[in-house]
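Per-chain residue numbering starts at 1, and chain names A, B, C and D are given in the order in which the chains are listed.
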Amino acid sequence: MIQDIHITSPNDRVAAAKLKMMRCNVGGLPVVDGQKLVGIITHRDILLAGGEALGLKVDDLMSKDPIVADEGTPIIDITKIMAEKGYQRIPVVQNGNLIGLITQSSLIRALADLND
Amino acid sequence: MIQDIHITSPNDRVAAAKLKMMRCNVGGLPVVDGQKLVGIITHRDILLAGGEALGLKVDDLMSKDPIVADEGTPIIDITKIMAEKGYQRIPVVQNGNLIGLITQSSLIRALADLND
Amino acid sequence: MIQDIHITSPNDRVAAAKLKMMRCNVGGLPVVDGQKLVGIITHRDILLAGGEALGLKVDDLMSKDPIVADEGTPIIDITKIMAEKGYQRIPVVQNGNLIGLITQSSLIRALADLND
Amino acid sequence: MIQDIHITSPNDRVAAAKLKMMRCNVGGLPVVDGQKLVGIITHRDILLAGGEALGLKVDDLMSKDPIVADEGTPIIDITKIMAEKGYQRIPVVQNGNLIGLITQSSLIRALADLND
């Protein structure tokens, strides 16, 4: 899992979250309050919400109660969730705190490395 | 590989390609002239180019000479290209014609199905 | 260091900050509240955020807690930060107040003058 | 000098050149016809030209006869040109062919490395 994660806060503006996604070339950000995972916001959500939503707070637009994994979740279960739901990323939590992120790209990278 | 592929044409407007990506929830489209693959255009590219680029033609903005696979390319080689270049999708061609698309999502789906 | 610095305020519109950068031919502005440095905003950030972000306030989009130097920071340390992070400019502060700016251009100018 | 250089062609659209600059996070591109350096185009030029210019060809907007260096030009002379003219980058040519690029960032990086 990715441990150096790009995140946003519920009090950040949607515009700042969008900028961070563009800058870091990622399609979504876990939303973290302190260390606690409180939601997830995706670039697609922001684009669908339209330009008028850019001045809102992330908290206004984020998906609450995202599907999460913990450190013990088998990778295969994560691929099933991604395949069924079309999710690109699954946050990894411990006692509600965000400790990592599994993305489709990180799984592809692991797959590529397995065969080196 | 995906055979029912969303595509765009070099003569389409960038705005139409962007709309198709939003509607189909995909991050990029192969650009096809007749059946021939001539380029690739991504949602990120369109966002980076800015709103004024929406009236241009796809041909003006697309990446030419994209990295491609053929039907015989081992999946592992494709994962390596995706991991190294950060690509989300690799077109599959036969004699220059587009016949399929391998996306990170399609690989994750295959991985999930393998273990059913 | 540059002491006659172009700045913006957290309450300025993003559009006004962008205009100032275009007019002054600079790629970024320290954001100053009173005399206190509160952030930094770059032209690239504004372009990445997109045209709809122009009506927001600088505060909504700026990077908070920028890396800063003080008057005693060795120039060599500043070049290292610029090289590692890709930064074009480092604000110089004293007790949290902005007192100067080191840009890549100002360092090149100093280098050119050294050899006159 | 940088030898793995991002370039554009006189026949590319201005929009494609702008996109490449945004994607590669560079402020300007040498314009190359075959291997021959024929001009330079900067992000600032494109922004100043305005959105209507995006559909033009790079050839229509680029600066012709840019100031260049050759492999023997002393670095100090390059810093002087950068300081006097405000240039961020100087192409390096050999018999009219582009063989490298000196940017302010590459000089800062060299300076940082010198002191390791």
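In this section, contacts are C-beta pairs under 8 Å (C-beta built on N, C-alpha and C of every residue); 3 or more make two chains touch, one makes a residue touch a chain.
These numbers were taken from a predicted model, which means no experiment stands behind them.
Asks: Can you name the chains that touch chain A as well as chain D?
Replies: A chain counts here if it touches both chain A and chain D, which gives B, C.
Asks: Determine, using the mean of C-alpha atoms as each chain's centre, which chain is farthest from chain C.
Replies: Of all the other chains, the one whose centre lies farthest from chain C is B.
Asks: What whole-number Å value describes the gap between the mean CA coordinates of chain B and chain C?
Replies: From the centre of chain B to the centre of chain C is 38 Å.
Asks: So, what's the distance in Å between the C-alpha centres of chain D and chain B?
Replies: 30
Asks: Based only on mean CA positions, could you tell me how far chain C sits from chain D in angstrom?
Replies: 23
Asks: Touching two or more other chains, which residues of chain D qualify?
Replies: Residue numbers touching two or more other chains: 22.
Asks: Thinking of each chain as a vertex joined to the chains it touches, would you call that graph a line, ring, star, complete, or other?
Replies: Drawn as a graph, the chains match no named shape, so other.
Asks: According to the definition already given, which pairs of chains are in contact?
Replies: So the chains that touch one another pair up as A-B, A-C, B-C, B-D, C-D.
Asks: Across the complex, what residues on chain A touch chain B?
Replies: 22, 25, 27, 44, 47-48, 76, 79-80, 82-84, 86, 88, 104-105, 107-109, 111-113, 115
Asks: If we count contacts the way the header does, which residues on chain D are in touch with chain B in the complex?
Replies: Going through chain D, the ones touching chain B are 13, 15-16, 18-19, 22-23, 51-52, 54-55.
Asks: Under the definition above, what is the set of chain C residues touching chain A in their complex?
Replies: Counting only chain C, the residues touching chain A are 45, 48-53, 55-56, 60-61.
Asks: For chain C, which residues count as touching chain B in their complex?
Replies: Residue list for chain C touching chain B: 47-48, 50-51.
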